[in-house]
Amino acid sequence: MSGAPTLMHRRLKPSPFLPDLAEIVRKDHLTSTETLYQLRLADGSELGHTPGQFVELSVFGVGEAPLSISSSPTRGEAFEVCIRRVGDVTGSLERLGLGAQIGVRGPFGRGFPLDEMRGQDVLIIAGGLGIVPLRSLIVNLLDERGDFGDITVLYGTKDPSFLLFKDEITRWEARDDVDLRITVDLAEPSWKGSVGPVTTLFRRLTIDPKRTVPVMVGPPVMFKHVVKQVLACGIPEDRIILSLERRMKCGIGECGHCQINGVYVCQDGPVFTYAELKRLEEAML
Amino acid sequence: MSEAMIEALQTLKRPRVAVFELASCAGCQLQILNCEDELVDLLQLIELAYFKEAMTETSDVYDLALIEGAVTREADEDKLRTIRERAKLVGTLGACAFPVGIPGLKNGHDLEEVARQVYGEHASYFPSVEAKPVDSVIKVDLHIPGCPIHKDEFLRVVTGVLLGRKPPIPGYPVCVECRLKENICAFDRGLICLGPVTRGGCGAICPSYGSRCFGCRGLADDPNLASVENLLEDHGRTREDILAEYALYNGYYALHDGGLKAKVAP
Amino acid sequence: MIDRVIQKAHLTEFLDHLAGERVVAAPVADGPLTRFRRIHSAAEIAAHYLPTALPPSKYLLPTKEVLLRYRYDHGVSAEAQFDTQEMIAFGVRPCDLHALALLDAIFIDDKHDGHYMARRQHVVLVGIECLSPCDDHCFCESMETLEVHTAYDLLLTDLGEAYYVRIGSAAGKELLKGVDSMREAVYEDRTRLRKAHEARYAAFTPRLETDLSQLPDLLADSSDSLLWDVLGEKCLSCGACTNVCPTCYCFDVKDEVDLGLSSGERYRAWDSCQLEEFAMVGTGESFRQPRNMRVKHRFNRKGRYILERYGMQGCVGCGRCARNCLVGIDPVEVFNQLKGQPVERQERQVMR
Amino acid sequence: MSKTTAVDVRVDYVSRVEGHGNILVTAQGDQVKEVKFEVTEPPRFFEGMLRGRPFEQAPLITSRICGICSNGHVLASIAAMESALGITASEQTSLLRRLLLHGETIQSHVLHAYFLVAPDFFGVGSVVPLVQSHPEVVKRALRLKKLGNDVCDVVGGRAVHQIAAVVGGFTHLPTPDELLSLRQRLVDAAPDLQATVELFAGLAMPDFDRPTEYLSLKSAAGYAYFGDLILSSSGDITPVRHYREKVKERVVEHSSAKHCRSDKDTFMVGALARVNNGFQYLSDGAKDVAVGLGFEPPVTNPYMNTIAQLIETVHCVDDAVAIIDALIARSLIPEPPAVEAREGHGVGAVEVPRGTLYHEYSIDREGRITDANLIIPTGQNLANLESDMWALAPVVIPKGADAAQLAMEMLVRAYDPCISCSTHVIYLPVKGEE
C-alpha cells in the first residue's frame, strides 16, 4: 500500500498535544447510544483528512478519545464524527449542546488507499460501528463515482434499531450505481431483510477477484470470518483492506498503547492490508 | 457560554452529599475536614446533607451517600438498605467499609470469645456479628480506598463524579508509584511488603516513610497472588504468616469466598 | 573539538561553585540506592554507584508532566505548557546516554515533541565513562553501549588524578568556560585514555550468548516459546521493570480538574505495558491481557521492535529491571534461555 | 412549671461529637429521675483483635481506634510496648514524639473549639453556614487546623494514622528544611492564635460549677504530655504502672463504652484537668492567654474545658517551636529502629487531646501480643459527665425542654468526647458492679 499520508499535522505546532478548538454545530441522535456530531474548526479551516483517518476529540476536564472521521473530505469545511456512548469522554460529549467548544487534534493515521481503488471494484464490508469510518469512504466514492468500478456495500448490525445513517442508506439503496445489502443478527418478524452475520450476504455476490478491493471495518470476530470469505474468492492478501481499533493516548506514535507487536495502529494504521497484519499475532485475526 | 458548558458537563449539580458512619475510627471523615485548603470551595460544589461529625442538620435524600465503617451489627444492614433506597450513588469511604479493614481483624477470632475478653460477663449487652464490607450488604457504586482515605483522591473522586467521570482509582499495584518515588524497596530493607498485590493510588506513602505496605487499599485489579505467595515464602514466611498478613486489612476476603481474589471493586 | 584534561580537585571546586549558582543534579547515595537529585555541593555526589533508581530520563520526560492548562472563561482556551528550567545533569552513565540518544531520536527527530524538546534544550548532560562493570546485573558490553559518542555535552573519563574531558556540544564547551584550571589534551593524555579503554574490555565480560545482531531474529523465532508462560506465571505485573528502564517511555494522558471545575490541566504520566489496563479499550477488552503476552511484549520491544523502528538498541544493558525485579526476571537470562533451549510448542497458542 | 410536670430530654445521636451517643434525662417536676449518656457506637473489640498479632503492629492497629487521636494511640502504644521490651527512647526520638503529639493536639483542639463548639454560640447547626456568614473565622480555623496537621505530616508522614513513629524510634526523619519552614509557620500563627483567643474571650460560657477530681500525667520535665506518674488534683500521686489502682473500669448496660471511677469518685481528665494541675508549667504565652480568658486555676466549670484547650493550643505551638530549635541545634541523625522481641509486660500513658490514655500489653517470647488493655480518656470522663448532668438537670430543666436540651448537648460537647475511641477497647476481668 502506498501513497496514503502517515502523519498529517494541520499545522506544525510546538505541542503535539494542544488541540484546535471546534464547535458543535449539529447533533443528531441516530440510535439510543449513537450520536452524529457535526463539528467546525474555530478558525474556519477544513480538517483536510482522507477517509479512514481519525481525530482525537477532547472535552477539557474529562479527557480525549480517538474517533473516526465519518464525513467525506469532499463535503466542505464542517466534518462529522459518529460516537457511541461508552465512557467518560463519549458520555460527556452527549451532555454538551450546540455551540459548545471542544478540542480536536488530527487528522491522524493512514486512511484508506483511495488511489489504489480508482478504476477498481470496491467491496465494502461494515460491521456495527464499522460503518462510521466507511461512510466517509462511501460518500467519497459516490462523489467521485466515475473513478471507480462496481461499488458494493455489505452492512451487518445487531438488530434493526442499531442501523446507523438510515436516511442516507435509503438514498444509497435508491441509486442503481451502488449495490447495498443489509443484514441483522436478530430481528422481529416485521424485518423484511436478511438475518444472519454479514458473511451471509456473500452468498449471492459475484466478485471479480482480479479487480476487487475489499475494505472491511468491524469487530474482531467479524474480521476472522470475512477475511476467510474474501480469501476464498481468490483476492490476494495485499489487496484486502481493514481498519483496526486499539487504545490510544497520543495519536502520534509516542504513547505505546496502540502497539500491535512492532506496529503502531495510530500511525501505521488504523488502515492496514491483511498481508501486513497476517504475521502480527497480536492483531488477532 | 463557558458557565453553560461547565453546567452542561455536570451530571450532578450541587449534589447533596451525606456521610454515614458504621464501625470505624472516623478518620476518613476527618480526612474530609482535613481538606483545609479546599473545604470552602468544596462546600460551593456540594451540599452537605448529613455529616454527624460536623453538623446538626439532616436531610433524607442524597445524591451521593458516602459510608465509612464496617458492618458489625445486624442493625447496620437495615441502615444500609435505607441509605441505598434514598441515595442515587453510594460510595464507600476507607478500608473499614471496603475491603473491611481493621474491624475485620476480629473475624479470625471466635467472636463470643472476643466479646467476653472485652466485656466479660456483660458481653451479651453488645451483640456483634462478623465484620463485613458494605458491598456485602448493598450495591456500591464506587470505593474510595485507603486507611485513611487520601485527601487528593477524595477530591478527585468528587470532581469526577460531578463531571460524570469514572472514579479515578487506579487498578495497578502500589509498587508502580513506589518505584516512581525512587524508594528503597522494603524487600531490600529486610522486610516484606504487600505492595505488589495492593491497589495503588496512595503514592506508596508507607514505603516512602520507611515502612512497608500492609494492604490497606485492598487488592489491585490483577494481582498475581500465587507468585507473591512464593515470594513471601522465599522470605521465610509460612502460609499462616501470609494469611495473617492479608488479614490485617483484607480479613473478610482472606477468609471468605474461597480466599483472596481480584476484581472485587466495581 | 579539542579534548581537555581537568584535575579532579579543580572539577570539585568547579562543581561546588556551579551547584551554588545553578541547578545541578547528580547521583546521590542513600543506603543501597542512588538517585539523581539536586545537589548543593560536590561532596554529595556518590563516588561509586549502580545505575540510579530512576534513569536521568526523568528530567526530560518527567514521571508526571503537564502538557496543557485549560480554562473555561467566555468559551474554552487551552495553553500548552513548556518547562524551560535550566539544569545540569552530572554523572550520567554511558548506558543512560545511549538511552537518551534513543529518546532524542524518537521525541525530537521523529515526533518533534515540543515538551520534550523544551526540556532537552535546557538540560546539559555531563557523562562519566564506566571503566568497570557496576555489578552482576549490568550487561552494557553485550548491548554495545559501553562506548558512547552521542547525547552528551561533556564526557568525562577517570584518569586517576584527573578527568579526560570530551566535548560533545557547544553547550558543553560553554559550560567548561567556568573551569578555572584546565588544559588541552595532548598526545600522552590520549594514550592514557586509549589504555583506559582497552583495560576496560578486560573488566567487562560478555554476558549475552547470542550475537547482538541475531537478537531480533531470536525473539521473532521464539514467539511460541514456553518460556513466556513460565515468566508469565512469575511476573507480578508491578511495573517495576518498565518504570526503572531508561528506554521505556510509554505514557498515559489524563485530565485533572481544579475544584472550581472551570480550569484544570492535561498531563502525561509514565505508564507501563506490564499493567493489565494498558491495552484495554472502552468496552473492557484488553488486547494483551494474559501476563505471558505482556512479558513477551516487553522483551520484544527491548530486543526487537525499537531496533526495527528506530535503528537503535531498545535495551542499553543497564540491568535496572533485573535489579528491581522481585521475582528475578533478568533480560540476559531470558535472552540466553531463548537461545539455549528454544522451547517450541506443539501448536500455536490460542491467545484469547 | 408545676411540680408534677414530666420533662424528658432525649437527644438521639448528639451531633458534632465524634461517634454516636444519646442523652437521656427524665425529670418529674424538679425531681430528676434519670440521667444517662448512652453510647451506641458499635463495639469493635480491639483488645481481642490485638491478641496474636506481632508486637510491632500494636501502634498501627490501635491507631485505628480513633482517627482524631490516632497519633495519641500510636504514642501510648509505643510507650507501653517499649516498656514491655525494656527500650528507652533516645533524646531525638522523644523530641520528635512530643512534636508529633503537639501537632495532633493543635489540630484536635482547633477542630473542637471552632467546628464543634463555636456553632452553638453563633446559633447555627454547623460550621457550614459560617462559611457564608463568617468566612474569616472559618478560614482562620482551617489555617490553624492545617498547621497542626502539617506538623504531623512532617514528623509522621500523614496526619491521620501516621507512619514513621514505630516501636524503637522513627523509620523516617524530617529534613532540616521541612522543620525550619514548619517553625516559620508556627511563629507566623501568632495573629491567628490571638484572634482565636479574642473570639472565645467574647463568648460567655454557661455558668456552672461542680468541683471534681482532676487527673493528669506528671513528669519531671515541665508541662506533662508524657510521664510515669498520675497526678490527682487532690495531691495524690500514683505510678502509671499502677494505674488500675487509680482508674477503675466497669461495664454499664447503656453504654458500649465502659465507665471509670477513681479510688474516690468520678473524675475528669483532659485539657481542663491538665491546665488545672500543671498551670505553672505552661509556656509564658499560654499563661498570658489564660489571664486574658479569665482562667484562674482551679476552674471547676466543665464548659471551660474548651477554654483550657485554647490555652493548651498556644502552649503546644510555643513548645513546638522550642522542640524544632532543639532538633536543629543537635541536628537529626538516622537512628534506625532495631528492636528484638522478648517476653514482657508494660504500661504506657500519654496525655492525648482528651485526657490520659493508657495502653497495657503482655507479649510472649516471639513478640506476639497475648494480652492488651486500653483505657481511653472519654471512657474515664463518661461517669463524670453523668455526674455533671445530674447536677445540671435541676438547674436547666425549669428553663424548659429546649433550653435544657441545648445546655445538655453543650455540656457533652464541652467534654469533647471521642466516642469511637471509648467504645472500641477495654479488656479487664470485670469484677461486677462496685
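We just call them A, B, C and D in the order they show up, numbering each chain from 1.
In the analysis below, a residue touches a chain if its C-beta (ideal position, glycine included) is under 8 Å from a C-beta of that chain, and two chains touch if they have at least 3 such contacts.
Here the structure is a predicted model, which means the values were calculated and not measured.
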Farthest chain relative to chain A (centres taken as mean CA coordinates): D
Distance between the centres, which are taken as Cα means, of chain B and chain A, whole angstrom: 43
Interchain centroid distance [CA atoms averaged], chain C/chain D, Å: 52
Separation of mean Cα positions, chain C and chain B [Å, integer]: 37
Separation of mean Cα positions, chain D and chain A [Å, integer]: 66
Residue list for chain C, restricted to those that touch at least two other chains: 72, 75-76, 254, 257, 261
Per-residue multi-chain contacts in chain A, two or more chains: 61-63, 87, 101
Chain D, residues touching no fewer than two other chains: none
Complete list of chain pairs which touch one another: A-B, A-C, B-C, B-D
Residues on chain A engaged by chain C in the complex (per definition of touch): 12-19, 21, 58, 60-65, 86-87, 90, 101-103, 245-247, 249-250, 252-257, 259-262, 281-282, 284
Of all residues in chain B, those that touch chain A in their complex: 1, 4-5, 8-9, 11, 163-166
Touch list for chain C against partner chain B, complex: 30-33, 35, 52-54, 63, 72-76, 233-240, 243-244, 254, 256-257, 259-262, 270, 272, 275-277, 291, 324, 326-327
Contact footprint of chain C on chain B as seen in their complex: 1-3, 5-6, 9-10, 38, 41-42, 44-45, 155-156, 159-160, 162-163, 168, 171-173, 175-176, 179-180, 182, 184-185, 187-188, 195-197, 221-222, 224, 226-228, 230-231
Touching residues (chain side chain D, partner chain B) in the complex: 13, 15-20, 41-49, 51-53, 57, 60-61, 63-68, 70, 111, 115, 119, 125-128, 131, 135, 138-139, 142-143, 145-146, 149, 156-161, 163-164, 166, 170-172, 251, 253, 256, 258, 420, 424-430, 432
